[in-house]
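First comes the structure, then the notes that go with it.
To keep things simple, chains are lettered A, B, C and D as they appear, and every chain counts its residues starting from 1.
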């Protein structure tokens, strides 16, 4: 087991960066191009609030699917576990994140879980607020508090690109409307979903979200519990079984702690009682996970003994 | 948080027993009938080797799918991670345990994971041995050692019943042969699989298997490591994402530690660094999990703070 | 074999009407209610232009899916067989008419055929015209000519209901947009599709469409060929394999000539070289076909020796 | 429209032979190799019993799936329509001929139709006989009579190869046993199925089967009706919607008469009231149909005006 230090992280970054070569940058995102392919950054914040960063950790990228974690926390807060999981399942899916067949092929048309697009659209439609602007405002305010970063903002360019490329998500949402799973206005639900995906964050911010999950939902500002621990357990368990698209099983084995990735190349990791991790690495594989970022996550797990399935349950 | 004691376990049993009413006993198993419906037993063995049992913990039932855990350990031991997962995936499936569609609907015809029937048949075909008798002998010897119970034996009646009701497993195996996934003799592979499922165990034995996983693969006799810890991490991670049929996501949320169930009503639980749990409760739900046993597992998790996604990672 | 006469048709109607009891009226259509359940009407027009009608043949109902036949004729006329079947397949599907899974589960995301909703949306998007109003105008003008009925018009109420209940079709259309199958504006394509479905017709009109297909695409006014015979063969073949939702195979066996049904309870039949048939019977089965209308179609086939698979190929 | 003559057929063969280049010979069949790739033969026998043959019409090949037509006739004869279609559906499938997913994905586990492997296994299990040898004997005797060819025999080599490559069919059969669809002995059912597929025939024989279907089930020897016409209508209708694997819709459009193909490159065609066609062309496409043979079938349809969906219903 190695010791966590900035120098160690810099070495780990250099070890993992070559894996970017096997991935591809998601060119549908504005300003994402070949020049971003080799970017790789990491921040780790431990529960005793020490912060370690290395590599391209100041690079800002859109949250994309990592927003699903935030949406789920807010929906659980607003409606409780029973009502949320009345609208969406909690089972891993074994299929691509934007699958529509799964909505059709089972008895109920509930999306499998809140980490796939259909599930996240259904869940984010549950975030309370008087109007769409208001609901996104609430999301952003919460995100600013848990990351302790008042500068967070949505990228208009990303939001517009999400809308322009939104046909698949529209199909998912209208399908759910047709089966009664989605009862709110479809275009409003999608609009909120696109906005949530379009908030720009860097490694520190992603790590702060992981830390929030790892240390019982405490505000970094007031140390108040903003979300009850039992809801966070739910979120982390679902990240473990479903957070890394249809490589979630692989990451449960190889990393062994709750993670959530986004197609921008972002990864949030949360090791309960120990630390939050934020990674960015825009080159992604066919399943949507950062190739270099994923390699880094697995290396950190091994070197720092983070695997919760180890003999000591990941608590060294 | 409550204190672990025999008295506590007896209370927990009585709290959970009513859930048997919503389940059904699997009548295809010999001697399984209505009189078994309300049976419920539990054993817990902590890593400091204290043993607590309550309820019908002396009832013997066939291992059924809990044998998949043993088969996976032996295959990993014999062929290593790379070769095992060349033959079978490690992704959760989101479908019923005996699904054959999944074999057909993806690019490769690899079974999703070793916890579903197709995957377990493919994995157990990897257990080394000169002939079928020899291979089952090896399985049983290993099982006797890790449970410290030389009396374990296969039930001929259960074995015959498995064979007689084996059409679905035959279909899975021949399908895998047709795609080249299963290269050994199909009938031999199935025979071993049926034998593995037919070993009779009671709660203490199931708990011993859980303990073996929880404390680094050490023999209860010699304290030697029989299986390297990295293989056990793999097994536990796969139990977490796929061990409870297509309720695995639910159990990850509600229990929060690796479990594996069988349609005889057996459940093995392993809390890394803390304890092994063995439960029997023959009334099962539509997905194949013990209803009263599952209720008990969730209650234990809550009362004894076993959820690994909690703030302290399940290590109290 | 019986002789075709009005009296025979009236007897056939009374024989078939009781089958309405096993169906249900599609209440999502305006003015469709229980009082319509027992309606049953038929018109037959032979290629020598004799017309026989009986029962509730003057009842007007919306075309619904029978419009798919018209849309396909116009698209073939406008773009030719190669380009139309570049966008849509010609294989029967074996699944429900509004299935979205099938779009996802095959190599290409082409809809299986033009008789299912996805396929018909893709095909109707090919009807030429400078703008949506213009394209629907063309559809209606063509329909007026081949039915020799200038009074045909769209029901605004049905059109509004189609739009209001359009979530599933929207999902199909956006899915096709996401895969590049649908390249035109989705909302425009759907609007035309809804309008086409909303034209009101009675048995005589439906029979006229069947006759048009049966006698080589000749205008009942000018006797000119409006659509080349080779396109009509294509349309009739696809009606035979796919025209009756996922009971098409059943109707190929039991009726044995090309038919197309709609969920309003309409059926168009075309017996090449012999006659066109129009049926209405609003009580439909779970697959979308008129129960009494279907029974009537099968009875006509038997009594009048219309089955093309008979020894004389349906030409008595 | 061209006139049917041996010279015409020889020209049609030469026109169609180049399509063999795009296909592949099924090398799992004994003695099938590259040297067979360009073989192409045809026989046509009209209902007035004139016979026209050309090309490699004397080449013998195994029946393969063309046997499904014979099996269905015998099962209908033995059990009647209701009981046969209680065990198997009559709907086209839209999936590959050896699909197992379809058995699992619908409410009932009935195979879609008797032209796919699962359906044919279920149907041939219905052929009456005291023992397997007896049942095959009955099949062969019937086949000899309708082809007027007492020399027909099974190839032992093909039969052995069928058995050796039978894993997929075994999987289908055991799956059907597990759902109660197949109630007879699985290995016996498969054995009969393999034997049926292994009978060797040449173009004349295949054409005789087509003629039998086309002229009302009359024995070429006694002119007695061996199978009632209503059963033949059923068989021909199912050939039209499902006879050419998942290109059946394509052939309904492009040929327009009932056909059944086999992966040996055989095709049986039946034009009701007009003629039977037998084609062999061992180079097959990815769906299992002879490429040159399919091209020839379509050319014959066009040149000889055989398309039943034409204005005159295929009766020139």
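Note that a contact is a pair of C-beta atoms (placed from the backbone, for glycine too) under 8 Å apart; a residue touches a chain by one contact, two chains touch by 3 or more.
Quick caveat: nothing in here was measured; it's all calculated off a predicted structure.
S.K.: Please flag the chain sitting at the greatest distance from chain B, going by CA centroids.
M.R.: So the chain farthest away from chain B turns out to be C.
S.K.: Can you give the whole-Å distance between the Cα centres of chain B and chain C?
M.R.: About 55 Å, centre to centre.
S.K.: Centroid of chain A to centroid of chain B, CA atoms only: how many Å?
M.R.: 31
S.K.: Quick one: report the Å distance separating chain B from chain D, using the average Cα coordinate of each chain.
M.R.: Here the centre of chain D sits 48 Å away from the centre of chain B.
S.K.: Out of chain D, which residues touch more than one other chain, so two or more?
M.R.: Correct list: 105.
S.K.: Dump the list of chain pairs that touch, please.
M.R.: Applying the touch criterion to every chain pair yields A-B, A-C, B-D, C-D.
S.K.: Report the residues of chain C in contact with chain A in the complex, numbered from low to high.
M.R.: Within the complex, chain C contacts chain A at residues 99-101, 103-105, 167-168, 170-175, 177-178, 186.
S.K.: For the complex, give me every residue of chain D touching chain C.
M.R.: Within the complex, chain D touches chain C at residues 89-95, 102, 112-113, 214-216, 229, 232-234, 236-238, 240-242, 246-250, 252-253, 256, 258, 271-274, 307-315.
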